[in-house]
Amino acid sequence: MINSILFVVLALLALSSAITAVLAKNLVTSILAAGFVSLLASVIYLLLSAPDVAMTEAAIGSGLSTIIFFYVLNKVRRSGRHD
Amino acid sequence: MIKKIFAFLLLIALAGVFLVVLQNYETPEELNLTAAYYAEHGAEEVGAANLVSAIVVTYRGLDTLGEVTILFLTASILSFFLKQREERGKRSVRASSELLRTASAVLVPFIFLLGAYVFINGHLSPGGGFQGGAIIASGLVLLLLTDPLRKVSSRLLARVESASGFIYVGLGIAGIFLAGGFLDSRVLPAGTFGTLLSAGLLPILYILIGLKVGTELSGLLTRFQEVQVPDGGDSPDLKKGENV
Amino acid sequence: MQIAHIIGGIVSIVGSLFLLLGALGIVRMPDAYNRIQAGTKATTLGTLLFLAGIGIAEPGWLPKLAVLILFILFTNPVSSHVLARAAHHIGIALTSRTVADKLREHEEAARD
Amino acid sequence: MGNALFSIAAGIALIALVTAAYRFFRGPGAVDRVIAYDVLTIISISLIAVISYLARRVIYLDVAIVYGLLSFLGVIIVAKYLERGL
Amino acid sequence: MNFGSLALGLGFLLILIGFWGLLTQKNLIKIVIGFSVVDTGVHIIMVGIGYLQGRTAPILDAALMQRTAAAGNQAGASADVGSLIVDPVPQALVLTAIVIGLGITALLLAYVVRLHEQRQSLDISSYEDLKW
Amino acid sequence: MKNWVVSMILLFGLWLLLSADLAVPILIAGFIVVFLIVLLFSVRNPVFRDIKLGPKALAYIIIYPVVFLKALVMANFDVARRVLSPSLPIRPAIVEVRTILHSPIGRLMLANSITLTPGTLTVEIQGDSLFIHWIDASATDINGATESIVRGFEKYLEVIYG
């Protein structure tokens, strides 16, 4: 019962966060929202009885890829006139 | 504008396809044949408690080898694309807070230990080479974050990476002669099911994968981290540029 | 056996109330620093109690929960500090109810 | 009985998650979003722990441990990016 | 309420949202973000296909062994593990897919950095040399 | 040397907590891993060099968590009072305090403790000065603030870390 509620609410949050990630004007917001989608996805994997995948998503999807995005954002900000 | 309408129509069509798929989707009640085979025989054939690890390392070990190779290629292409070049102007990098530096000095060994735990216990609990490697790479990133001037010894990384790759393939070939085929884990005795020393060669293979993935991801991340000259900052650590 | 689960459940509910308090704190507080304050303290104790409740219910899980609690106790304040420091550096305004900002005075004195 | 109580705890944590997500979506500044992100990750750790309790599998807790460490890293990198210390 | 089909629905919606971003956004980094959202959606679908209602993770530790014993006592025969766990094969596939996804994201971002170095712009409409 | 011993004990403790098992292979594997990690880091990051291991310090290591947990619980009721009351009774300020601790890890523990106790958050540390965001500032001068924020923890941490 509670698992179903958890699943539905987390899925709705993930969807709204994905929309934020795609539509937000600010790149920082966008990247953070994409990281949040990964984060929720990894809780959802756990509800789907896939702890291995959940761990991979936590370590790689929401950890390392957010880091790479911010490194790139930093490089871009420093090397140009970009706002 | 015309582009947006076009994109919208495309998405509508895609959504229609998905809807049809979703309506015709029947949730399975039983495992399919392949999965049932793995569930029945995985424990006795491989001896790993974690069936996902058993599949990744043994049954589909060749795929894993290919995947590790793809990661290696990605890292190489990245190093080609993101050549370190001289910075045109010196820019100021704000030095990390003293607290963060201390905290990361305390924390990084623990992160490495956690990564090692994850890939050593890959056959018993969730996790394994990929996750452990990612955790170790994150530990390295924490070091780089607190001290942007620290140089990671790429030679050490490359050595660990190629050594673990060679041993991995070597053990895989050993499987052809000593057991059933390439990357067969029954080179070593199976051991007691559910303990650390079980599943034959699988833990060792997973440790090697972990080291290889960890070093590859580290190499990939350090490519994005550029080395620059600070013009200020109070960090006493900034001048040391040795390896980790 | 059953009683441990009930006690653990109650402890966990208290912890989750603190989590809710932290979430309310970051919604209600007027500026970034006060939000960090409310967020850090309440969620740290909240998670601690929540995990402790699970530990009471399942004593065999205590070692792993202890690792988790120690990590959170150690990393949570550090990340709050780093965030607050960054916020102050890029000039995020304090709320108008603030009575003093010695750090800005200090930095301005150093710059002159 | 135990399950019911823990389900209530999970429900309250879920409400907390939604509340914090409100701040995350609303902003207004990047710093506010990062604060909300930090709180969100910590609440998710609790959720993972309670899911592992409800499923009665201790091994799920490994995920929470990994999660706890890496969320710290995510917050640090955003803060460093914002203060131009990357 | 079946998690399998719910996960499928969630994954499809995530793919659509990601595609919308991929097709309409002008900023190169936003396009990569759209790609990573699509990626997550695909992974959720794959895990959802392997899910079986009311079963647990395919890790045969002591807790699961106790459960098989209990189920065996009820049925009066030796229960087998296959009736308690979800499908491990899609999970193994997703595991590798996530890692490869990171590699692809990194590669795309490296191209973005390189392009930005040449033109000082993140807007995709300033790279129209190859458009035909 | 002290750094080596302390880090090995701590890392091995973490290994045991993670494994939650005392079988011989686990102990051996843990020892190998811990040794390699200490070998890799200890030379560059001697963080535990300044820790003191006398009987008084050990006693304080045990007492300190109690003091700290009490402060943490107090902090939460304080936050609860402020967040839940409709008028939001806050009077924030950033104040400067001085610390007498010198070892990095002692200062880190102090700053962490300050962050988790009622109404205070460490914003910046420069030399011996800590700049603290105080949600309900009762004193904005250095001495008054130092007295009411720092002293309570410092007397324990001074013995443990110096």
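Letters are used for the chains, namely A, B, C, D, E and F, taken in the order the chains are written, and counting of residues starts over at 1 for each.
One rule holds in what follows: a contact is a pair of C-beta atoms (placed from the backbone, for glycine too) under 8 Å apart; a residue touches a chain by one contact, two chains touch by 3 or more.
Not measured: the values here are computed from a predicted model.
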Required steps from chain A to chain C (each step between touching chains, minimum):
2
If I rank A-B and C-F by number of C-beta contact pairs, which comes first?
C-F
Sort the other chains by how far their Cα centres are from that of chain F and give me the top one.
E
Taking each chain's centre as the mean of its CA atoms, chain D sits from chain F at a distance in Å of 23
Whole-angstrom distance, CA centroid of chain A to CA centroid of chain D, is 12
Let me have the rounded angstrom distance from the C-alpha centre of chain A over to the C-alpha centre of chain F, please.
31
Residues of chain E touching 2+ other chains?
20, 50, 56-59, 61, 85, 91-92, 95, 98-99, 102, 106, 109, 113
Find every residue in chain C that makes contact with two or more other chains and list them.
22, 24, 36, 44, 60, 64, 67, 71, 74-76, 78, 80-82, 85, 89
Do you know which chain F residues sit against two or more other chains?
14, 18, 108, 111, 122, 124, 126
Spell out the part of chain B that touches chain C in their complex, as residue ranges.
94, 97, 99-100, 103, 106-107, 110
Of all residues in chain B, those that touch chain A in their complex:
50, 52-53, 91, 118, 126-128, 130-131, 134-135, 137-138, 141, 217, 220-221, 224-226
For the chain A and chain B complex, residues of the former touching the latter:
51-52, 54-56, 59-60, 63-64, 67-68, 71-72, 75, 78
Contact set on chain C toward chain D in their complex:
2, 5-6, 8-10, 12-13, 15-17, 19-20, 22-24, 26-27, 32, 35-36, 39, 43-44, 46-47, 50-51, 53-54, 57-58, 60-61, 64-65, 67-68, 71-72, 75-76, 78-80, 82-83, 85-87, 89-90, 92
Residues of chain E touching chain D in the complex:
56-57, 59, 61, 63-64
